[in-house]
Amino acid sequence: METTALVWIILFPLLGAVGLALGRNRLSPRAIGLIGCSTVGAAFLVVLSSVIQLRSLGPGEALVQTLFTWAKGQGFGLEFGLLGDAISLWWLLVVTGVGFLIHIYAAEYMASDPGVGRFFAEFNYFVFAMSLLVLADNFVGLLIGWASVGLASYLLIGFWNTKPEAAAAAKKAFLLNAIGEVGIILGLAVMFSEFRSWSYAEVFPQVSQASPGILTAIGLLLLVGAVAKSAQLPLFTWLPDAMQGPTPVSALMHAATMVTAGVYLMARAFPIYQASPAALTAVAWVGALTALFGAIVATRQFDIKRVLAYSTMSQLGYMMLGAGVGAYTQSLFHFFTHAFFKALLFLGAGMVAHYLHGEQDIRKMGGLAKKQPFAYWTFLIGVLAIAGAPPFAGFFSKDEILGAVLVQGHVFLWLIGVAVAGLTAYYMVRLFALVFAGDPSHEHGEGHESGAAMKVPVGLLAVLSAVSGLIAVPGVTSVPGNFLEPAFELYGHHVPHAGFGWPVAVVLLVAALGAYAAVKAFGPGGAGRAAAIVTAGAPPKGALANGLYIDDIYQKGIGGLFVGLSLAVGNGLDPYVIDGVVNGIGGLVKRVGQGVRQVHGGYLRRYALTVFAGVAIFLIYFILV
Amino acid sequence: METFLIVAIKSVLLVVILLTVFAHFMLIERKFLGYFQLRLGPNRVGPWGLAQPIADAVKVIIKEDIIPHDADRITYKLAPVVSLFVALAAYASIPVAPPVEIFGRTIELSIVNPNAGILLLLATTSLGVYGITLGGWASQSKYSLLGALRSTAQMISYELALGMSVVGVIILAGSLNLYDIVAAQENIWFIFLNPIGFIIFFISIVAEVNRVPFDLPEAETELVSGYSTEYTGIRFGMFMMAEYVNMLTMSSLATLLYLGGWNGPGFLPPIVWFLLKVVLFLFVFVWLRASLPRLRYDRLMDLGWKVMLPVAIANLVLTAVFVVLF
Amino acid sequence: MSNLTTVDLNFFAVAPLITLAAAGLVVLVLELVLPAERSRPWWYAAGLGGIALALYYVALLWSGPAAGPAASIIGAGLWGRVTNGISVFGGAYVVDRFTLLFSGIVLIAAFCTVLLSTARRDEDMPGYVALVLGAALGMCVLAGAGNFLTLFLGLEILSLNLYVAVAFERHNAAAKEAALKYLILGALATAAMVYGFAFLYGQTGTMSLSGLARGWEADSTVLMKVGLGLVLLGLAFKLALAPFHVWAPDVYQGATAPITAFMSVGTKAAAFAALVRVLLALMPEESPELLLPLWVLAVASMVVGSLSAAVQTNVKRLLAYSGVAHVGYLMMALLGMNHQGVSAGIFYMAAYLFMNIGAFAVVVSLGKNGREGEELSDFTGLFYRRPGLALAMTLFMLSLAGMPPAAGFQGKLYLVFSALGSGAGGAALWLVGALVVTTGISAYAYLRVVTTMFRRSEAQAELADAGHVEAAPAGLVNAGEGGGTGASVAGEGPLSWALTVVVAVAVIGTLYLGVAPQSMLALTRHVLPLP
Amino acid sequence: MTVEILQGYLILSGILFAIGAAGLLLRRSPLVMLMCVEIMLNAANLAFIAFARYWGDMTGQIFTFLVVTVAAAEVAIGLAIIVLLFRHRDAADVDDVNALRG
Amino acid sequence: MIAVLWIAGALAVAGALGVVIAKTPVHSVISLVVNILALAALYLSLHAEFMALIQVIIYAGAIMILFLFVIALLTARKDPVERSEGKLEGQRELGIVAAVTGAILMTAVALSAGFGRPVAQEALPSGFGSPAAFGRELLTTHILSFELTAFVLMAAVIGVVVLVGQRKL
């Protein structure tokens, strides 16, 4: 159905971003917060009304809005429009809804920061970009949104731009995401050469006629993008570093919404994946391994936000796993609940850090239960939700995914999923115990309690984390299923479902074991707790605590490889070897660039030789052809 | 083969004649200068000094040949040869009279007669600068170098005006061939049709051959005789020869282009008419030398670029319009 | 006289060229006749007026007879509407919409260049203006060349003028060095290209582009191939395609920014136009392998350009390398030699015109104390000194990086479209792949400039710190927005109106092409007789 | 003109071109480099004139004329630039002129 | 024709080699003049009468004199540049290899070329290569090119005045 409302979901945040960027120096922090929140709130209202409108339509119908013709020439044409179907509106509910809550939280959290105007401009810009990504009715629009959220992420991670670590983290995020974008663009290139279009409505119906090889290629290339954006193996290293940004940024982008864009892409392009078993399997395995990896690494982290970052990675792995077995509804449902409880956890962590004047090392915390009762209770709900304790939200969504995995016959993947569930309970309880239980071990003196603007969103999120799972109790309610599945059935895909059964009990049992182990070790008087507190403040040791050194491998190993290559190519590179390896892929690009630079040594005769050699090679080629 | 033989004979003859004429022209010049200055000129060697050229030649040949220590030896030796060779070669394309019949053969009184005679002449004379520049540079002396640079600049500058004025003649005659040009003047000489062109042409050739008032390159009082300062003996003599041969060439060319060549009333044979006109030009050269002071160098360049060249171009345009209209 | 009638002397068709030449002479004469201290505005006025008039004639030729009083003044009835193209002067010059489009691009670039140069204080600026006009003339000639003679002369007119323009700041060692390198290497390329013409002529006996194709019918076509190869690389040199780009970074850095801007846009546009014409004339029907080297050059340019740009600290040099990469992208337009590609190429050139001129305008405007603001450090904290300029620069950088909503993004999009639609299969995918990868790499280079502008310089940071000592949330060190205090660091006066105009034009152009590309695309449709 | 003779001219022209290129690569005096460029242009001219003779077509010669004109202009500008370079150092060695690089 | 090709060709090559080998720029100039005159002879043998003369007048008479002038102006003594070792390692070797490769390639092209028309020749048009024919061609068919050379020269004039003049136009 043609509508004119959808565009406002994009326009409201955009107007906010532009207005705030222009007025950031003139407006008071209060006004800035108000504007920033109200635009997102307005967008949320439009989303809500659109959802209601969509529900009134028949199955398979969607809201569409044609905006303009973008490119038109011989052999190609691109109408740019918006598509408000179940998948995108589902996503937008979270983006604008949770986004709205986090905006409110940020209005207080950032109020004293001199850059608050810039912050909200960028924050609004992010919502705009994410909405664009989700609402576009073609892959190019999606890509534009994709790149724009990348830019927003870059800006916000590096928000405190005088901190070198923040700048480095921002750069790393940008570059790793650039790899992902390369994958997507290549995928789109292949797609265009096969289907002559990038519009969803034109590509998907043609999928059945395309060759599986092409589809696999497209699927794998898109997966590269998803892997980078959703911090899956092996392109995850930016996500833990991204926690250098302000906490609301971590909560909104690097937990609740932006990082799930990869899952969105999988869900959006599901006809392609369903037609290519190989690509689908790849998605499932990437997801499962990432879930396992993230969970294992999270057990040894001491920075509160890094624990949550790895946990996010792990949970995103679940979603990818779900998508990889075709259980899109469950995957999207998990995205839904995860947004609530992970945002909750991050905001809670932010309250704790706020209280402790920026301390983020959990070994220096402890005993906060009494000092911050509000944070304590809400965080507890978050922990229970993510750990999968019934009847909290995570229990239902996670079990639905695992159930679907088993139904599809992937026993091994299921076992991994179960193990991850146990580990999740373990590290979350460990975190909770170290932060809130026991005696106050920190020497920060009296902190300051958060205000209402921070507490209200956190409270709301806690409530949502607690109850949102109830909308999809197997056999009782099935809101996500009813809402989403027509969109998937449109192209003939039937989402597998599993009811309650023995597998759920297994999962619960494993999770309980994990939680128990954590309580035992890190509860008041636990051995692990004591050992941890002794090392407080020291940099983490060991392979797990350092993310299996994968980041280092990237920086030193691949960087080193290129140093070797450059040495072979040019001979002026010794200083660079001695200087050592600089920084990640940025350094890599730089180093290769320096190597190429040797060609431009400023010697005219060398230039002439280069040109002449080019001429000679040209001549030989043209003589031989 | 026969053609080759004829050309060879003509070449030898030409060289001999030119060198003889050169020698005696020098004598005459000195005599005339003497009379202009109310003195006698050379009169000791032979009757009226007529054997003076021979004495000079002997002197020049037996004089010590000095090569400066720092000089670039090869170039130093090459320069006067180039000068003389070019000067002699330039005359190759100049006809002195209409073709004559000898032994039943029509023989042209020029060594070569290409269609583009004037162009060949200009091409050859344009090489004359090399001798001067190379000689000045190779001597590794500042007087030589300055003289050579001045000379080069001067010759290049005036070559432009010269070329432009010649184009006027070419337009009038409709041919680049010197015989055709002379033939075109049977009724009226181009000096009357194109007087401005002639004036430019004449001034230019005076400058081209580095004669007073444009003898800046040699300027004894300023540059100790310029590019040839370090040269002695036969090498110096070659430069001198080249200069005087060039004067002959230019006078002949002026005759051919503007004074109707060998055209003249029938009571004298064509070649005599031609020689008379050439001698007239040579006399003017001497006359100028006796009467005019030297120009300042910057004035000379100004004259070349700011007066001669624009006037030459204007003259060219006028001539072209004239030809098109009438 | 009667012979002349055998050649089509259509002077109206070359009115833009005549106008440029006349304007150049007028500028030079004005310098002679006006008193020195008062003539300065007039030089510029004459130069700008000439270019504007030439642009007007281009538009007139495009749209056909105009109506109204203005038309009767310039005798519009004599003007034919150039839809299918006419060749004049015995086929030496082709005036079709393709020529007119590229002339337009070149003239706009020249206009902006002269405007940018008004800030200069040398006394012999008339020479400078005349050089720009001359180079523009050469570029327009090149764009419409119908035979080798015109092509060669166009190329040389533009090159010679630019050699001098590069060396114009004659007391600047860098300028002299740049000019020497440009001249020697340019002459080398010219010699090779002339040789290529000789071979093509040897095989076909004609110099006219339209007659060349017959050479392929001979038994042995080695001369054709080698000739084509040499001509291609001569143009590749002017386009600065790797590895024939070696001169570009040094020359771009050494020349003054306005000239660099003109060179990078104008030369490339003209050489690209010539390349299209040569390929159109010479493309053998069924031998795509002859063009393989071109794709290799394109990929090499993308890689070398973007990698080298990433490590530059001199913005002019960075833009030079970026130009190398962009020419690599531009080559994608030629994959299929069809309407779509040519249209995408022209669009890309137009986009490049605005974003590149804009970027150089910012470099010019940051100049002080006789040197240009070309070092990355000159951009530090620009946002807090001149927010408008910084935002404009951000737009240009994003556009060069190919990000929406700027023109560069649309340009790349159409190039990808045309490459994928060319039917060139593997080559297309390789080129698209290289485009994507190198776009990612070069984005790093451009964003470095952007982040530098948004980072405070130390002086600014101190001021900001003094004003804000309160603890930041989460205790993080921070020096975010300084409210009003940071702005006081700005020490420069307002931009001159000329620079403002150029930056504004560039911003508008970049945004317009990015947001509403349709109008430009419509202009570029079917400008050449192509499949 | 037979094809063999034409080929002779072409080979001669090719050799001259290569010698010019060699000079450009080997010599460090900008003056000599400029001369080497002239050799290359002349080599191309020879090929053109040979082809013009072969085809009996004047266009090749016209092109040569243009090349000579352009070469003259190029030399004038080149020498001006070299004079500028020399003004600040005794000898201009192109290997020393490498402030612009990277 | 063959004799001219061999003799003038040998002279031309010798001249060109001399330019490259000579230690002093002036000697290079002299060698180049030899090369140019030899080329003029070759042009004559190819019935390019006008071009041969133009070659001498413009190249030998103007361009090379200009070179000589500048050399005399700049390096009164022998050019010191070529006495020192170059800074570029391997440039000499690579340069020679490149040039030899180039020569071989060009020869290969010439030998393997098939020309566009059969060997059987028709006679040359009368006046081929003469100034008259040249002028007619240049001022009719190629009038645009002729006009455009004006701008080439104008660029040179402006250039020289701007670069080395008195900074006044």
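By letter and in written order, the chains are A, B, C, D and E; residue numbering begins at 1 in each of them.
Here is the rule we use: a contact is a pair of C-beta atoms (placed from the backbone, for glycine too) under 8 Å apart; a residue touches a chain by one contact, two chains touch by 3 or more.
In this text, all values refer to a predicted model and were calculated from it rather than measured experimentally.
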**Request:** Provide the labels of all chains in contact with subunit A and in contact with subunit B.
**Result:** E
**Message:** Report the chain whose CA-based centre is farthest from the CA-based centre of subunit A.
**Reply:** B
**Message:** Between D-E and A-E, which chain pair shares more contacting C-beta pairs?
**Reply:** D-E
**Prompt:** Of the chains shown, whose Cα mean is nearest the mean of all protein Cα atoms?
**Reply:** C
**Complete:** Chain centres from averaged Cα atoms put subunit C and subunit D apart, in whole Å, by 28
**Complete:** Cα centre of subunit B to Cα centre of subunit C, whole Å, reads 53
**Prompt:** Approximately how many whole Å separate the CA-defined centres of subunit A and subunit D?
**Reply:** 61
**Message:** Multi-chain contacts only, two chains or more: what residues does subunit B have there?
**Reply:** none
**Request:** Spell out, as numbers or ranges, the residues of subunit D touching 2 or more other chains.
**Result:** 10, 17, 20-21, 24-26, 28, 33-34, 45, 50, 54-55, 59, 62, 66, 70, 73-74, 77, 80-82, 84, 94-95, 97-102
**Complete:** Going by residue number, subunit E touches two or more other chains at 50, 62, 71, 73, 86-88, 91, 94-95, 98, 102, 105, 109, 112-113, 115-117, 141-142, 145, 149, 152, 155-156, 159, 163-164
**Item:** Touching pairs among all chains present in the structure
**Value:** A-C, A-D, A-E, B-E, C-D, C-E, D-E
**Prompt:** Hey, which residues of subunit A end up touching subunit D in the complex?
**Reply:** 597, 600-605, 608-609, 612
**Complete:** Interface with subunit C, subunit D side, in the complex: residues 10, 17, 20-21, 24, 30, 33-34, 37, 40-41, 43-45, 47-48, 50-51, 54-55, 57, 59-60, 62-63, 66-67, 70, 73-74, 77-78, 80-82, 84-85, 88, 94, 97-102
**Prompt:** Inside the complex, what are the residues of subunit E that reach subunit D?
**Reply:** 1-2, 5, 9, 12-13, 16-17, 19-20, 22, 25, 28-29, 32, 35-36, 39, 42-43, 46-48, 50-51, 54-55, 58-59, 62-63, 66-67, 70-71, 73-75, 79-82, 84, 86-88, 91-92, 94-96, 98-100, 102-103, 105-107, 109-111, 113, 115-117, 119, 121-125, 128-129, 133-134, 137-138, 141-142, 145, 149, 152-153, 155-156, 159-160, 163-164
**Message:** Quick check on the complex: what are the subunit E residues that touch subunit C?
**Reply:** 109, 112-117, 136, 139-145, 148-149, 151-152, 154-156, 158-159, 161-164, 167-169
**Request:** Would you mind writing out the residues of subunit C in touch with subunit D in their complex?
**Result:** 148-149, 152-153, 156, 160, 163-164, 167, 170, 173-174, 176-181, 183-184, 187-188, 190-192, 194-195, 197-199, 201-202, 205-207, 249-250, 253-254, 311-312, 317
